[in-house]
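I've put the structures underneath this note.
Below, chain A partners chain B and then partners chain C, in two separate complexes.
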Partner chain A sequence: MVTSNSLVYLIALPLLGATILLLAGRRADKWGHILATLMSASSFAVGLYQLSAMLGRSTEERAISQKLFSWINVASFQVDAGLLLDQLSICFVLLITGVGTLIHVYSISYMAHDENRRRFFAYLNLFVAAMLLLVLGDSYLNLYVGWEGVGLASYLLIGFWNQKPAYATASKKAFVMNRIGDMGLSFAIMIAFATLGTVSFVGVKEASHNASQTALTAIGIMLLVAATGKSAQFPLQAWLGDAMAGPTPVSALIHAATMVTAGVYLIVRSNFIFDAAPTAQLLVVIVGAITLLFGALVGTAKDDIKKALAASTMSQIGYMVLGAGLGPAGYAFAIMHLLTHGFFKAGMFLGAGSVMHGMNDTVDMRKYGALRKFMPITFVTFGLGYLAIIGVPPFAGFYSKDLIIETAFNAGGAKGIILGGAALLGAAITAFYMSRVMILTFTSPQRWDEDAHPHESPILMWLPMAILAIGSVTSGFLFARGDALAHWLQPVFGEHGAEHSEEHLFSPIVVSAMALVAVAIGVAIAVIKYQLSEVAATAPENVSIFTRIARKDLLQDSFNEAVFMRPGQALTRVLVKGDDVVIDGAVRGIGRTALGAGSALRTSQTGFARSYAALILIGAIALIAGIWVVTQ
Partner chain B sequence: MNPYNYLYVAGLLFTIGAIGVVVRRNAIVVFMCIELMLNAANLTLVTFARINGTLEGQVTAFFTMVVAACEVVVGLAIIVTIYRSRRSASIDDASLLKR
Partner chain C sequence: MVFTTPVLNYAQLSPILIVLAGAVIGVLIEAFAPRNARHNSQMFISLLSLVSAFAATVSIRKQAGVDAAMNSVAFDGAAFLIQATILIIAVLAVFLIADQENFTALAAAIPGSQEERESLQKDLRVTEVYPLTLFAVAGMLLFPIATDLITLFVALEVLSLPLYLMAGLSRRRRLMSQEAALKYFLLGAFSSAFFLFGIAYLYGYSGTITLSGIQQSIVGGSGNDVFLLLGIAFLSVGLLFKVGAVPFHAWSPDVYQGAPTAITGFMAAATKVAAFGAILRIFYVAFANAEWQWRPALVIVAIITMLFGSVVAITQRDVKRMLAYSSIAHAGFLLAGVIALNKSGLDASIFYLFAYGIATLGAFAIVTLIRDAAGEVTDLNRWSGLGKRSPLTASVFALFLLTFAGIPLTSGFIGKFSIFSAAYQSGSTAILITGVLSSAIAAFFYIRVIVLMFFKDPVEDGTSVVLPSALTAIAIAIAAVVTIVLGIFPAPLLSFIESTAFFIR
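Now for the complex of A and B:
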C-alpha cells in the first residue's frame, strides 16, 4: 500500500482550530469564526488534493496509509495510530469537510448574535476533526477514538444553549444513549482482539477468513449495536428527536449529514465481517427496515419542523442501514444514499434554520404558511431538497433510494418482498410527510403570530443552502451514471463488490414505476389534507389514538421509561437503601456499641478513692487466686 | 525460729493495711495503712532473702524504703493541701474525678 505523510493534515487543521479557539478564550471572539471556517476549508482543500492524487493512481494503488506513531506496544497487542485513505474514506472526507465548511459559513451569520459564537465554532472544528479521525482510522481502535470524539462534540453542541434545562437534558439523553452503542463498539473490538488477535481493518479482514462463525456473528451484532446507537436506529433511536435542541447548523451537520451516518460507515467498512456472518447481516436489514418505517411514521405527526426533519433523517438512515445489510449488492447504494442524503438533508436543515431565523425562532410549522413569497431563495433551495428526498427524478434521492428499493426486492424470496415492500411503503410515507412540511411551511395560507416579520436570510446563509441544493439536484445523477460510485468503491468491498444479483424479482423500470406511484400517492394525500383544506394554527386535540401515539414518537420514551428508567430507579433505590442499612448500619453500629459500652462502664467510675482501692484489691486477689488455681 | 512466722506476720500486717485503706475515711489513717502494707511487703522481701540465703531481697527492701519515704513526702503534701483548701481530711469528700 502506498504511504503518505500528508493525511494527518486533514485532521490536524480543524483540531488546531479547535485548540486555538478553546485556549484563546474571549480574545478570539472577533476572528474565531473566520479561523474555524478557514481551517475547515483548508481541510477540504487537502481532501480535494488527495482525491486528485488518488485519481492519478491506478485502481490497485489508490488506497494510501500513514503511520502516525506506535500507540500500544504490548507483547501480542500491537496497535499503531495510523490513517487509511481509500475510495470509501475519501467520499466521507469530502462530505464532512465540504458540507462542514458550508455549514461553518452558514453559522457565521446564523450565530452572529450569540455571544458564545467562538465556542460554537471551536466545537464545530472539534467535531470535524473527530469525524475525520473516525473515517480515516486504519483500525477499529483508531475509529473508536473518533467515534467517542464525535459523541463528545455532539453532546457539547446539543447542549450548546444549556442555560435551558430541557436542552441540557436533551444533550445528556443523547450522550447516555450513545454510550450504550459505544459499549457495543468496545465489545466488538474486544471480541475481535480475543478471537482474531488484531483490531486493524486489514488484519481483521484477513483473519476473518479462518475465524469461527460464532465469533464473527458476535462481532457483527456488537458492531450493529454500535451503529444503532450512533445512527439513531431502532432500538436506540430515541435521542435524535431531542438532539434538535442544538443550534440548527449543528442539526444539519452532525445530526443529519455526517455523524449519524457513522453507523452506516461502520457497517460498510466491516463488510468482510457481515458478509461472513449472515445472522448479523439479517439483523442489520431488520433494524434498517424497522427504523425506516418508524422514522417515517413519527415524521407524519410532528409539528416541529426540526423534529419532522429529524424523524426523516432517522428514516433515511434506516434506508442506508437496510442497503448496507443487503450485502455486496447494497454497500455502494447505501453509501450513495448517504452522500446524496448529506446534501439534501443538510440543505433542508439549513433551510429550516433560515425559516426559523425569519420567524423569531418559531419551530411550530402550524405557525408558518405562505413563506414562499417572503423567502423565495429558502423556498427554492428547500424545495429542491424536498424533491430530492421524496425521490422525484432526476433529483438525487430518486437514484439512490430507488437502487436501495430495487436491491431490497432482489434480496430473494419472502425476505425480498418484505424488505422491498417496507422500503416502498417508507417511500410513500416519506413523500407524505415531506410534502406536509413543505405545504405547511411554504404554500398553505399564513398562520403567523402577529409579531412575526418573515424576511429572506442574508447571503452567508443562503449561499451554502444554494450550493447544497445544487448537490441535491446533481449528485444522484453523477453517482449513478454508469454505476460510477459503485465502480469507484468496488476495491473496498472486494472482488464481488459490483456484482449484481442475477435473479430479478422486478426489473429496474418496474421498481422505479412502483416507487413513483408510491410517491405520487403520498404527495396527493398531503396536498388534499393540508393544501386543499384548512390547517389549524394549533395542533387539534381530538385526534385518533394513532396520531396521538405518533406524536409521542411511537411511545419510544414511554417504553424506555417503563422498561429501563423505572426499574433502574427502583434498583437504585434498593441499592441506596442497602447502602444505608447494611454498610452505613455496620459503621454506625460499631460507633453505637462503643458509645453504649462507654456509658455502661462510666458508672463504675465513682470518684471514691476507697472503692478504687477495693477494686484493685479484689482484682489482685482474683489474679493471685487464678494463678494459684492454674499452677496447682 | 521458723522464718515462716515472719511471713505470717507480714500477711497479717498487709491484711490490716488493706482493710484500713478500704474502710477508713480519714486520709491520714488511709495513708498510714498504705505504709503498713509497704512494710508488710518489705518484711516478706527480707524474709525470703533470709530463707534463700541471698541478698537481692534485702537490697530491694532498701529500695522500697527510699521510695516509701518519697511517697510519704508527696502524699502528706497533697493531703495537707487538700485539707487547707477543703477543710476536710476525708478522702470521700475528694471525689471530684467521678463523671
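Now for the complex of A and C:
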C-alpha cells in the first residue's frame, strides 16, 4: 500500500484548534470562532487535495496509509497508531470536513450571542478531529479511540447549555446509552484479538477467511450492538430525541449528518465479517427495518420540529443499516444514502435552527405557520431538502432511497418481500410526516404567539443552508449516474462488490413507480389533514391510543425504565450493599489490621538507646541462628 | 621485614582525593578565614570539589581494575555508577545545607544557655558542616569500591563519624537533636563492633581480607564453615544497620527526626546509596558462592523490613518519622535486589538507588519549607489543607509520595517494577509477594498524606510555606523533573546502567 505522511494533518488541524481554544480560555473569545472555522476549512482543503491525489492514481493504488507511531507493543499484541485513507474513508472525510465547515460558518452567527461561543467552537473542532480519527483509523482499536472521542464531543455538546437540568440529563442519557454500544465495540475488538490475533482492518480481513463461523458471528453481533448505540438504532434508539437539547448546529452536524452514521460506517467497513457471518447480517437488516418504521412512526406524532427531524434521522439511518445489511449489493447504496442524507438532513436542521432563530427559539410547530412569506430563503432551502428526503425525482433522496428499496426487494423470497414492503411503507410514512412538518411550519395559517416577530436569518446562516440545498438537489444524480459511487467504492468491498443480483423481483422502474405512489399517498394525507383543515395551536388531548403511544416515542422510555432502569437500580442497590459489606469491609479490615499492627509495633520504639542495642543484639543472634539452621 | 613502596593510581583515586582536599581546605578556612567570609567560601569550596570529583568520576569511567591502591579498591562500572549517584546527591544536599536556617548557631553551646542566646543574636553560622559533609562524602565514595575488609571498615568509619556530628546540629529542639546524635553514635559504635568481629571471623575462615580471596576460599571449601557463618552474620549486622533494615533499624526514626532536615535528607539518600553499593559488592563478589547459606536469612530480613516499615509508617504523626519508616521499607525493597543475585538485580538496584535517592532529597527539601514562627512544622495534622494554600508545594510533595508508593509514571514505579522482576527471575516468589503486599500497605499512608493535604480544610495555626531559597528551589525542581522523566522515559538510563554495571572480581 502507498504510504503518505500528510494524512495526519487532516486530524491534527482541528485538534490543534480545539487545543488552542480550550487552553487559551477567555483570551480567545474574540477570534476563537474564526480560528476554529479556519481549522475545519483547512482540513477540508487537505481532504480535497487528497481526493485529487487519489483520482490521479490507478485504482489499485488509491488507498494510502500512514504509520504514526508504535502504540501497543506487548508480546503478540502489536498495534500501530496508523491511518488509512481509501475510497470509503475519503467520502467520509469530505462529508465531515465539508458539512462541518458549513456548520462552523452557520454557528458563527447562530451562537453570536452566547457568551461561551469559544467553548462551543472548541468542542466542534474536537468533534471534527475525533470523527476524522474514527473514519481514518486503520484498525478497530484506532477506530475505537475516535469512536469514544465523538461520544465525548457529543456529550459535551448536547449538554452545552447544562445550566438547564433537563439538558444535562439528556446529555447523560445519550452518554450512558452510547456506553452500551461502546461495550459492544470493545467486546468485538477483544473477540477479534482472541480468535483472529489481530485488530487491524487488513489483518482481520485476511484472518476472516480461515476463521470459525462462530467467532465471526460473535464479532458481527457485537459490532452491530456498537452500531445500534452510536447510530440510535433499535433497541438503543432512545437517546437521539433527547439529544436535540444541544444547540441546533450540533444536531445538524453530529446528530444528523456525521456521528450517528458512524454505525453504518462500522458495518460497511467490516463488510468482510458480515459477508462471512449470515446470521449477523440477518440481524443487521432486521434492526434496520424495525428502526426505519419505528423512527417514521415516532416522526408522525412530534410537534417539536427538532424531535420530528430527529425521528426522521433515526428512520433514515434505518434505511442505511438495512442497505448495509443486504450485503455486497447494498453497501454502496447505504453509503450513497448516507452522503445524500448528510446534505439534506443537515440542511433541514439548519433550516429548523433558522426558524427557531426567527421565532424566539420556539420549537413547537403548532405555534408556527405561514412562515413562507417571512423566511423565503429558509422556506426554499428547507423545501429542497424536504423534496429530497421524501424521494421526489430528481432530488437526491430519490436515487439513494430507491436503490435501497429495490435491493431490499431483491433480497429474495419472503425476506425480500418483507424488507421491501417495510422500506416502501417507511417511504409513505416519511412522506406523510415530512409533509406535515413542511405544512405546519411554512404553508398553513399562522398560529404564532403574540411576541413572535419572524424574520429571515443573516447571510452567514442562510449561505450554508443554500449550499447544502444544492447538494440535496444534485448529489443523488451525480452519485447514481452510471453507478459512479458504486464503482468508486468497489475496491473496498472486494471482487464481489459490484456483483448485482440478477434475480429481480420487480424491475427497477416498477419499484420507482411503487415508491412514488407511496410518497404521493403520504403527501396527500398530510395535505388533507393539515393544509386543508384547521390545526390547533396546542396539541389536542382527546386523541386515539395510537397517537398517544406515538407521542410517547412508542413507549421506548417506559420500556427502558421498566425493563432496565428499575431492575438495574435494584441490582445497583444490592451491589452497593455487597460492596459496602464485602469489598469495603475487606479493605477496611486490612486497613484496621495494618493500623493495629502499626500501633502495636511502634511501641517497640521506646526511645531508649539500651533497648535499641538489645534489639540489635537479638537480631544478630537471630541472624546467626537463621544461617545456622539453613546450613545444617 | 620488607616494606614495599605502595603504588597508587592517582587518576582512579582522584574523585576521593578531590573531595578530601576540599574537606581539608574547608578545615583551614574554619581555622583562618574571618567569620563572615566563611559561609560563602565554604559553600563554594564544597560545590567546587563535588562537581570536580563528579567530572573526575566521569572522565575515568572507562577504566577498570583492582590495582589502583594495592588491590584494596576496585574500579568498575558499578563503582562508577554508585560514585556518580553519591556525588549528584551530595551536590543537591549541599544546596539544602546552604539554607542555614535549620542549623544551630554554635554547636558547642549548651541548649538554653546564655552562650547559645548570644550566638543566636550574633547570627553565627555552623560553617563546619561543609567540611564534615565532604569527609562523609569521601567515606561514601570509598565504601562501595573497597575490596578488602580493612579498607571497608575505614571507609565505614570515615562516612559515619561526620554524620554522628551533623545529626546534632539542629537549630530547634536542640536537646532532641543532640540525643539523636548520641544515640546514633552509640548504636553505630555497637554495630561497628559487630562489623569488625565479622571481619575477624572471615579472616579466620579464609586467611585473607580481600573479597576475592574470601570468594576463592568459599569455592575451595577448605575453611571452617562455622567461621564463615559467623563472619557473614556479623558483617551483615554492620551493613544492615547502616541501611536501616529491621531489626537493626531502631536508630533511624529517632535520628531522622532529630537531625536537621537537610542532613536527614543527605543521610537518607547518600548513606543508603553508599551502603547498598558496598552490600551489593560484598554479596555479589565475596559471598556469591555461599548464597545457600545467607540467602534464606536475608530473605527473611527483607520481608520483615518491608512489612515493618510499611505497617509502622501508617501510625506516624510526624512527617520526618513517617519518611524514616518509609526509608526502612525501601531498604527492604532494595534488599530484594541484593537477594536476586543476578545481573538484572544489580541493574535494578542501581536504578532504584538513583531514583529513590533523588526523590528522598526532594521530599526532605519540601519538609524544610513548611514552617511556623518556631521553625519547621513536622506534625502531619498541621499539614492538612496545604494543597489549598500552596498548591505547587503540595503537588510536588505529592509527586514524591507517589514515587515512593511506586505509582506509574514516576521513577519509583520503574524502580520497583525492575527490582521485583529481578527478584522474580531469581525465584524469590516470597519476596515478590511481600513486596507487592507491602507496597499496597505503603500506598495507604502515602495517599493518606495526599488526602490530608488536598481534601481537608486548612488549620489556622500560623503554619505556612516559606519561599524556598534559590538553591533549595533548584534542588526541588531537579528532583521533581528527574522523578517524572525517569517515570516516563526510563529506557535511556536503564539501558545505560545495563551496559555499564558490572563487578570486577
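Going forward, the second predicted complex is superposed on the first by the 573 of 632 C-alpha atoms of A that agree within 3 Å, B and C clash if a C-alpha of one lies under 4 Å from a C-alpha of the other, contacts with A are read in each partner's own complex, and residues count from 1 in each chain.
Throughout what follows, a contact is a pair of C-beta atoms (placed from the backbone, for glycine too) under 8 Å apart; a residue touches a chain by one contact, two chains touch by 3 or more.
Just so you know, these numbers come straight off a predicted model, no measurement behind them.
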Check the residue A:A609 against both partner chains and state whether it touches chain B (first), chain C (second), both, or neither. both
Pick one for A:G591: touches chain B only (first), chain C only (second), both, or neither. second
Is A:W628 in contact with chain B, with chain C, with both, or with neither (first, second, both, neither)? second
Given the touch rule stated above, what does A:L601 touch, chain B (first), chain C (second), both, or neither? second
Between chain B and chain C, which makes contact with more of the residues in chain A? C
Going by the contact rule set out at the top, does A:G619 touch chain B (first), chain C (second), both, or neither? second
A:S533 contacts which: chain B (first), chain C (second), both, neither? neither
Overlap of the chain B and chain C footprints on chain A, residue-wise? 602, 605, 607, 609, 613
Residue positions on chain A within touch of chain B in the complex are 602, 605-610, 613-614, 617
If we count contacts the way the header does, which residues on chain A are in touch with chain C in the complex? 590-591, 594-595, 597-599, 601-602, 604-605, 607, 609, 611-613, 615-616, 618-620, 622-624, 626-628, 630-631
Can you tell me which positions in chain C touch chain A when the two form their complex? 182-183, 186-187, 190-191, 194, 225, 229-230, 232-234, 236-237, 241, 246-248, 250-251, 253-254, 292-294, 296-297, 300-301, 308, 310-316, 441, 444
Can you name the residues of chain B that touch chain A in the complex? 18, 21-23, 25, 30, 91-92, 94-99
